[in-house]
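Structures incoming, each one as structure tokens.
Below, chain A partners chain B and then partners chain C, in two separate complexes.
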Partner chain A sequence: MSYNKKLTIGLACASALGFGVAAWAGPDEDNLVINGEIEIVTEAAAPEHMEYVDTIYSGWRFRSDETQAVQADDFDNPSMIFVETAMEVWDTVEGTEGKSCSSCHNDVESLRGVRAVYPKWNEKAGEVRTLEHQINDCRENQMGAEKWKYTGGDMVNMVSLISMVSRGMPMNVAIDGPAQSTWEQGKELYYTRFGQLELSCANCHEDNYGNMIRADHLSQGQINGFPTYRLKNTKLNSVHARFKGCVRDTRAHTFKPGGPEFTALELYVASRGNGLSVEGPSVRN
Partner chain B sequence: MRRVIAVVAGIASFGTAVLADTVAPTEVKFVDGAVEMPLTNQAGNPEEGAILMNKGSGNCIACHQVTALSHLPFHGEIGPTLDGVADRWSEADLRGIVADAKVMFEGSMMPSFYRTEGFIRIGDGYTGNALEGEVEPLLTAQQVEDIVAFLLTLKEE
Partner chain C sequence: MASGVKPRVKVPKSAAAGETITIKTLISHKMESGQRKDDDGNPIPRSIINRFTCDFNGENVIDITLEPAISTNPYFQFDSVVPESGEFTFTWYDDDGSVYEEKKAIEVS
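Here is the complex of A and B:
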């Protein structure tokens, strides 16, 4: 682990001397209430296991007022078109077994709470699985249908629908018991300085959240808001697609979406957000 | 012992090749984080250096504020401002910092711009694919010299 507290304090002081730029433009003070009714916790005490951070913040708190506003009302949130598509797919029979998602799960509301506890240990498989893995497991083994591409449109739409019914519930992934070794592996990845730029997740999202890196205002890289609709690429983005982008930007050979490394990393990053509300599908720039 | 490798600078039309001595990334000699000897025998060009501060593999202002470059947008806040950096550091120190800041500042977030070894899962640029073949340093020896020449203009006293 390359973390160095003294260094970070030194840097914070140093950047306070910069010209004309606010000393530490950390998270703003705004509150998020979606549709005037779903209260979203965007700031919470850090979970026990976090050694270097006292308070955790949703990425929403680091975005501009304009971007924040787009997420505050579902009529404005462009994700909702994709959620509607997923709602149709929810009831669509596919595969050799003649079933749809609703054949087994009835109303999608029955999955309220699921997003908040994934990634999760799967006893039968003997491994930690993401929500995407679980969805593909249902498709293959319950429906007899083709698996979806891990970061593809069908998948990210369905994950958005399932996240949406948990909005406002606290993220609460389990990191102990059988999940612990996977969690440890994810933690190791989080602090590894990959690529020719030798940057770890922690370099940007733990040591420097609140600071600008070129034109980007660094957040804590939380995933409670996923999938995120990004104004930049005008589509929904899944967790592993975001991880891939961040690792690629260190001039590194990335890992495969859906593979064991990103699954472990997702469990670890999700656990750093335990206590923040599920807010996906969210809006980011 | 310093091994000097000869590189062909410019277009090597027969018989007119210009030979310049360049210190290879693996041969740079650090003393307390500083590098006394220039990496090439061609003096650094501060104007070229100023361009590299903004674009390409340098992109120093992604992390640093530089008032002399305030016409360029979006200076980062990760590292200290570089204003007055030539008052604080000698030419040799600055060469060392730009070549491999982690020698001067242990564990620094600043990338090592003139190093070719010791990376974990190095990629082929920003493609996300594995690098096949030789590692090129982020900056060439001459680019390091150009940037150092620019940094030496950043005086306040």
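Here is the complex of A and C:
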């Protein structure tokens, strides 16, 4: 039995006794089909390595019907404005080598499936790399161009474009072999309490998903929907920017976006979503 | 001129005579309210889309006045009755005097 089910029963008992505890709310039962054609898996059996959760849910299932609807049609999804910008950049020649992304990768459709397997072990570099690392590697070593800021606009737009062509494919990051030690490190971070509030990722996203944290409805903290357009800041947000926000909210010093700690954490959190569809760029509040 | 402005509209290609169709429009625009200040404390001048209209074969469908509180990339969705084949004209008016126009034809069977 999961912690959460125990919690639900606990709450139900408390309500029955008239303590007036707010009911556990969510995930809802809605289905997501984008543009009437891309079916998105928003609920799946938890991967084997997860000890305390039976079913994994996309964050989409925890949002209100209105916010959910915005993501169901690309015309309504504000992320697409940024994706269009990235499409132009895809064909724009930059750097000393006179190359654009399309010089090597042709159409962006050729990268279908890439988002689903990142972060990924890079044999040559001997480390686990995120999609952002790989893009900057391309820019520096293939194009001879300036690196982008890890969580900057150019970067998150490009990651969104690459993510968009993989929508509907199941997340499937590898956690065995050479990536295993990084994954273990990420798992350790996930369960470590940080900050003055002494909160780990698990305290909110494993023990309390479905409950409210003040005005916010806690999800499982899945990252299959990243990059995410947030209604609160009207732009696309990257995984590491989100991690940084979370760690900051525990009143701790955060790690550096793009650094080894967040890369390990991203691999671990991504592996918790193995089986959910790639959804990014998604819409959240 | 505000940069990165691009209008988009979504209109069905065909409809039955007298049918009510749903139209979606979106324009990428910063919608700078005029209330904010830059890093040096100087006010950032207002720069918004202040009016949006939609006409069908010369007849007005909708005429909207936009105010500074409307957020970035304004999106409008509205319904229109289509009596005959024709063309929708969408027009956005920028504070800086620019006018952005987009046209979409619709076939009535």
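In this section, the second predicted complex is superposed on the first by the 263 of 285 C-alpha atoms of A that agree within 3 Å, B and C clash if a C-alpha of one lies under 4 Å from a C-alpha of the other, contacts with A are read in each partner's own complex, and residues count from 1 in each chain.
Here is the rule we use: contacts are C-beta pairs under 8 Å (C-beta built on N, C-alpha and C of every residue); 3 or more make two chains touch, one makes a residue touch a chain.
Computed from a predicted model, the values in this text were never measured in an experiment.
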Partner chain(s) touched by A:Asp207 [first = chain B, second = chain C, both, neither]: first
Touching partner for A:Cys138 - first (chain B), second (chain C), both, neither: neither
Of chain C and chain B, partner touching more chain A residues: B
Which superposed partner A:Gln196 touches (first chain B, second chain C, both, neither): first
First, second, both or neither for A:Ile38, with chain B first and chain C second: neither
Touched partner set for A:Ile81, first chain B, second chain C, both or neither: second
Residues on chain C engaged by chain A in the complex (per definition of touch): 4, 6, 8, 10, 24, 26, 28, 71-73, 75
Sites on chain B touched by chain A in the complex: 59, 61-63, 65, 67, 70, 73-81, 83, 105-109, 111-112, 119-131, 135, 138
Touching residues (chain side chain A, partner chain C) in the complex: 75-76, 78, 81, 84-85, 234
Chain B-touching residues of chain A, taken from the complex the two chains share: 2, 4, 7, 11, 14-15, 17-19, 21, 192-199, 203, 207-208, 211-215, 244, 247-254
